[in-house]
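Next come two complexes built around subunit A: one with subunit B, the other with subunit C.
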Partner chain A sequence: MKLKMAIFELTGCGGCELTFIMLNEKLEDILELYDIAHFKMISSKEDLHKYDVAVVAGSVSTERDLKVLESARKKSRILLALGTCAVHGGPQSLILDEDLEGALAEIYGKKVPKEMKIFAGTPISEYVKVDVEIPGCPPESNDLFQALVDLAHGVVPYKWDYPVCLECKINETECVLVKRGIPCLGPITLGGCNAVCINLGIGCIGCRGPLPEDVNIPSEYEILKSLGISEKTIKRKLRMFSKRVSLNDHEKNLYK
Partner chain B sequence: MHYKKLPKEFLEEFINRLRKWGEVHAPQKKGKNTYFFSRLDDPSKVQIDYTRTVIPPTKKYVLRPVEPLMLFHGDRAEEHTLRTTKLVLFGVHACDINALKILDRVYLSEPRDPYYEIRRKNIVIIGISCMPDDYCFCKSMGTDYAMSGFDLFLHELRDGYLIRVGSPMGHEITWNISDILEEVSEEDIEYLKKFEKQRLSSFKRHVDISAMPDILDLAYNSRVWERYSERCLGCGNCTLVCPTCRCFETYDVWLSVNTSMRVRRYDSCFMVSHGLVAGGHNFRPTRLDRFRHRYYCKSYFDPIHGINCVGCGRCDEFCPAGIKHIEVLNEVIGEIYGR
Partner chain C sequence: MTMRKISISELSRVEGIGSVEIFINGKKVRDVRVKLIEGLRFLELIPRGLLYKEVPGIVSRICAICYASHAIASSMALEKALSIKVDRRDKMLRELLLYGELLESHALHVYFLIAPDIYDELDFIELYKKDKSLVKEGFMLVKLGNMLREIIGGRPIHGLNIIPGGFVKRPSADSIDKVLEITENIVESSLILERMLKCYPEAGPMEGSVAIATGDHYLYGNRLITSTGKESKNYRVILEEQTEEYSHAKSALHSGRPAVVGAISRVLLKEKFLSREARELLNSIEHDQKYITYNVICQGAEIVEALERILSILKELSKLNVETHIEEPYPKKFSGEGFGYIEAPRGVLVHHYLVEDLILSKANIITPTAINQKSMERAVHNHVETLIFNKGSLNENDVISCAEQIIRAFDPCISCSVHVCFIK
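Here is the complex of A and B:
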């Protein structure tokens, strides 16, 4: 019997959900294992009963997001966070709660619509229990494929913990940080992207979020500073994709 | 040992003749100053004065960075057919040749690794002399000269290369290409002596390893490890580029709904999961544990067989945090024995 899957979209650009569609020929494999009960991007059909797997993309940035997320959690056996917004908060989490009012005023002027109930972008794990996390902006469609097939076979998807540097070294790409002095977040960013940016001579911008367990932000900060980059730019760079890089904690370490 | 001379004008001819014994792989350049070993189609592309490659050639060709091991179709498992090409590695440095001996000891001892073994048997090694750069410390490790582990070893002369023949295969090659080789003259030997003298006096980094096992025994709780581990990013670059680091990770990937492939890939002891065992226990839970572990693995665990470091300098060249292996060791040594 096929499993029932639902894909929910919170605040994000829609790229993560597109990753599912971009499975292309592998989508046929997934459809052998799963029935898609709910996925607004491809069908207006709605099945709001129970799901085996709920895939959630996007961050919690509105009250509507939170309602959708809570209902997805209640109705599903396994909840999978797809993409950096869902896992780490994404670029919209750059704004902190205390700056939200100012940011809204900057965009909407004095007429902020009252019905807009907005809060700073937040990883979904701050509200509900998340079973599987697949970060990436956008996530690798193969990561999603591996996780979905694993789940259908009753296997717990493996949680990788290696940085971008690992694949970069395996590719024997010229290290942009060491050899060319280009800022690169590769050493502290979760790998799995095959170091695609560095292969193109661009420094890693950290779109897959920080390493899951041990991540040395202060040391990366010092390295970027030694390249002559301003403190403000470094902080924004480090926080670009992840609310989990807490600048407050990290500043404490920095200036001790 | 048997010696021959290759005149400089025959270098490209020499490389082309080597193709008889296998596909020639040699150091080539990418980007600003990054070197890597790859198939050499055009002999003029060879970077004979290269400093060091990212992945050591000796490790790269015997222990593939990523390689399939098995295929699973439903319940049926099938070993991946191992196909190997005969390879000639042209331009391997002495440190990497000495590192291969360490890998051999590990992978060719029982239980032998069949993937390693078949590749190892099909590799011809042509070494080449080099001048140390700012990172090299092979002299301190006693690995700056290869007395064995190669088929031919080329030493730079003013107008050619002095060839040392190191194996029956080496003899076969020199015998086959004798028409482009000459006998070594007294003048050549004088040049070689001068070159060696200059080489040995060019090292900028030194470490005294004579009491290393004792020192590391006593230094386990040294503050030096702690201080450096705060700077360490735990990225694992040093281990991935190390010619003697040989840990791999094994995992399965789905190819379709019912078929999967078992793969092995270079791993690093700097990954948190590296020390994770069944039951969820991690025997190297902190970065300090992992950082220190690397130094003990390189310099301590196997004192009978010598040190697991050949001083190639890769870990220093590729460390984003600029941590220098020798500097750390010298601080530890200084703390214990004031050496």
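Here is the complex of A and C:
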């Protein structure tokens, strides 16, 4: 018997959903294991019963997002958070609850939309229990493929736990941060991307979010400061993709 | 007579989250509301305070399907603001990348989102069970587009290789040759595309909408042009902002009328740029230009166009000595203001920046779907009124399915649209 999978879109750029479609030939293997019961972006099917696996992409940014997330949790056995927006909040999570009013006024002026409640972008784990997390902006297509195959076979999916730095060591890439003074968030960012940006010669911007534990933010902060970058810019860089990066002091108005 | 309301709570087979409400009173449609209700991403506010060259890699997060268009529009605006020069080879690579993205985005739309409408299936997965060849053709084209996004943009989605002045690194000669070989094979094969598009029905009359495109080149330009004969280097002369309390995207009008951008507007306003092959496809399909569904036929022609252009640019590049290393381009000015206009796959995309001491201080981004919002409402309005006129009575399911098909034909990208921010 095939398992039933549903894919839900909250607020994001569509890249996580696209990563799923771009499994290309491998999508055939996934369709051997799963029936896709619900996936609005590509299907007009509406099966809103129980699912074995619910994949949720995007951050909780509206009342509608929260409703969809809560219903996905209730109806599924395993809930998988796909991508940095779902796992960490994504770039939109730079705007905090306390910033929301000012940010909305800046965008819309006096005529703010009233269709539904607008939230500051939030990782889904702040609202529901999440069973599997695959971060990345976009997530690596192999990670998604392997996790879906593992779940179908009752195996707990592999969890990356080392920084991007380690990948540069394996690739024997000269450190851009220390040797060339290029701002790089590699030391605090979760690996698994094969340091794709550093291979090009640019610093890591932290799109996979911070390491799950033992992450030394103050040290990264000091290194960036020694490169002559302003405090505000550093904070914004550190918080660009993840609400889970704690900066210890008040983080309000980072967008201003 | 009482007012009747027909609603679609969430549109399917479109990118992002949107809903529709149609208000009918007797034989008249009173109002149509297309509500783009995806949450906000604040991507005009977030990159403020960043060093200019970090901006394209962040704003490209607006949309995964057309990330390179965003990154290039962003880079072009910054180049104008800071007087940064772009090498001829990098201009060629940019054009190649834009055609690759056009191919990827259109193939995704035509083969995976529209084809199920043509063959009366719920999705491409069901379609695949009946006809493998069509879906495989779609994957083949999407893959080629993504390969170009990977080797030139740095990654298939959200690559960081695109910067003001060109690229961090150019693709290797090997990777160019490899893609050239794949492109040659595809161009030589015969596509099912034309046969499929001949079966696509007309719907959604576009009366009253103004087509808008960029001038000068097919996929970019320094000015905007319209079907009413206006043109300007300043997008604010062509596009006027409008806010609706029911939608998270601001919409744009031209001289008080709904505007339409995308493949249909490019073909109507810039057909002379198209290759013989693309024009042949257009001529072989009888489809009235006054319907928005013609947009999909134009996307088909642009798929053919993209393949031809990709092939010729790759051939030219493979003859040139394109060394991968590039000297980092330096700005001549530290502060300034600049516009960047690109034809993203879905139409005119505007990035407008203010830079002070190399740091971004203000950003303003207008996306194609936000511009199309009012035309979507207009097309659904006209179509439903014709339905009532022809049939006398209305079946709710008919209205819903045709309204969905009409909106789908615009190829809306709602993720993109909710970032519109006109800063005065």
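The rule is short, and it goes like this: the second predicted complex is superposed on the first by the 247 of 256 C-alpha atoms of A that agree within 3 Å, B and C clash if a C-alpha of one lies under 4 Å from a C-alpha of the other, contacts with A are read in each partner's own complex, and residues count from 1 in each chain.
The working rule: a residue touches a chain if its C-beta (ideal position, glycine included) is under 8 Å from a C-beta of that chain, and two chains touch if they have at least 3 such contacts.
Bear in mind that the values here come from a model prediction, so they are computed numbers and not experimental data.
Student: Let's test your reading of the overlay: on subunit A, do subunit B and subunit C clash or fit side by side?
Tutor: fit
Student: Scan A:146 for contacts with subunit B and subunit C and give back first, second, both or neither.
Tutor: first
Student: State whether A:118 touches subunit B only (first), subunit C only (second), both chains, or neither.
Tutor: second
Student: Would you check which partner chain A:220 touches, where first means subunit B only, second means subunit C only, and both and neither mean what they say?
Tutor: Only subunit B is touched by A:220; subunit C is not.
Student: Could you figure out whether subunit B or subunit C reaches more residues of subunit A?
Tutor: Counting residues of subunit A touched by each partner, the higher count goes to C.
Student: Looking at the overlay, what does A:96 touch: subunit B (first), subunit C (second), both, or neither?
Tutor: Neither subunit B nor subunit C is touched by A:96.
Student: Scan A:64 for contacts with subunit B and subunit C and give back first, second, both or neither.
Tutor: A:64 sits against subunit C, while subunit B stays out of touch.
Student: Based on the superposed arrangement, let me know which partner A:19 touches: subunit B (first), subunit C (second), both, or neither?
Tutor: Touch partner of A:19: subunit C, not subunit B.
Student: Can you work out, in whole Å, how close the C-alpha atoms of subunit B and subunit C get once everything is superposed?
Tutor: Across the overlay, subunit B reaches subunit C at a minimum of 10 Å between C-alpha atoms.
Student: Do any residues of subunit A touch both subunit B and subunit C, and if so, which are they?
Tutor: 201
Student: Name, in rising order, each residue of subunit C that touches subunit A in their complex.
Tutor: Residues in contact with subunit A: 10-17, 35, 37-46, 48-51, 54, 57-58, 61-65, 67, 108, 112-113, 116, 122-125, 139, 142-143, 146, 154-158, 160-161, 168-169, 243-248, 250, 359, 404, 413, 415, 421, 423.
Student: Which of the residues in subunit A end up touching subunit B in this complex?
Tutor: Residues 26, 29, 32-33, 145-146, 149-150, 152, 158-163, 165-166, 169-170, 172-175, 177-180, 184, 186-188, 201, 211-216, 218-220, 222-223 of subunit A touch subunit B in their complex.
Student: Considering only the defined contacts, which subunit A positions touch subunit C in the complex?
Tutor: Per the stated touch rule, the residues are 9-16, 18-19, 21-22, 24-25, 31, 36, 39-45, 58-62, 64-65, 90-92, 94-95, 103-104, 106-109, 111-116, 118-119, 121, 137-138, 196-197, 200-202, 205, 207, 232-233, 236-237, 240, 255-256.
Student: Touching subunit A in the complex: which residues of subunit B?
Tutor: Within the complex, subunit B touches subunit A at residues 30-34, 36, 53-55, 65-66, 230-237, 240-241, 251, 253-254, 256-257, 265-268, 271-273, 286-287, 317-322.
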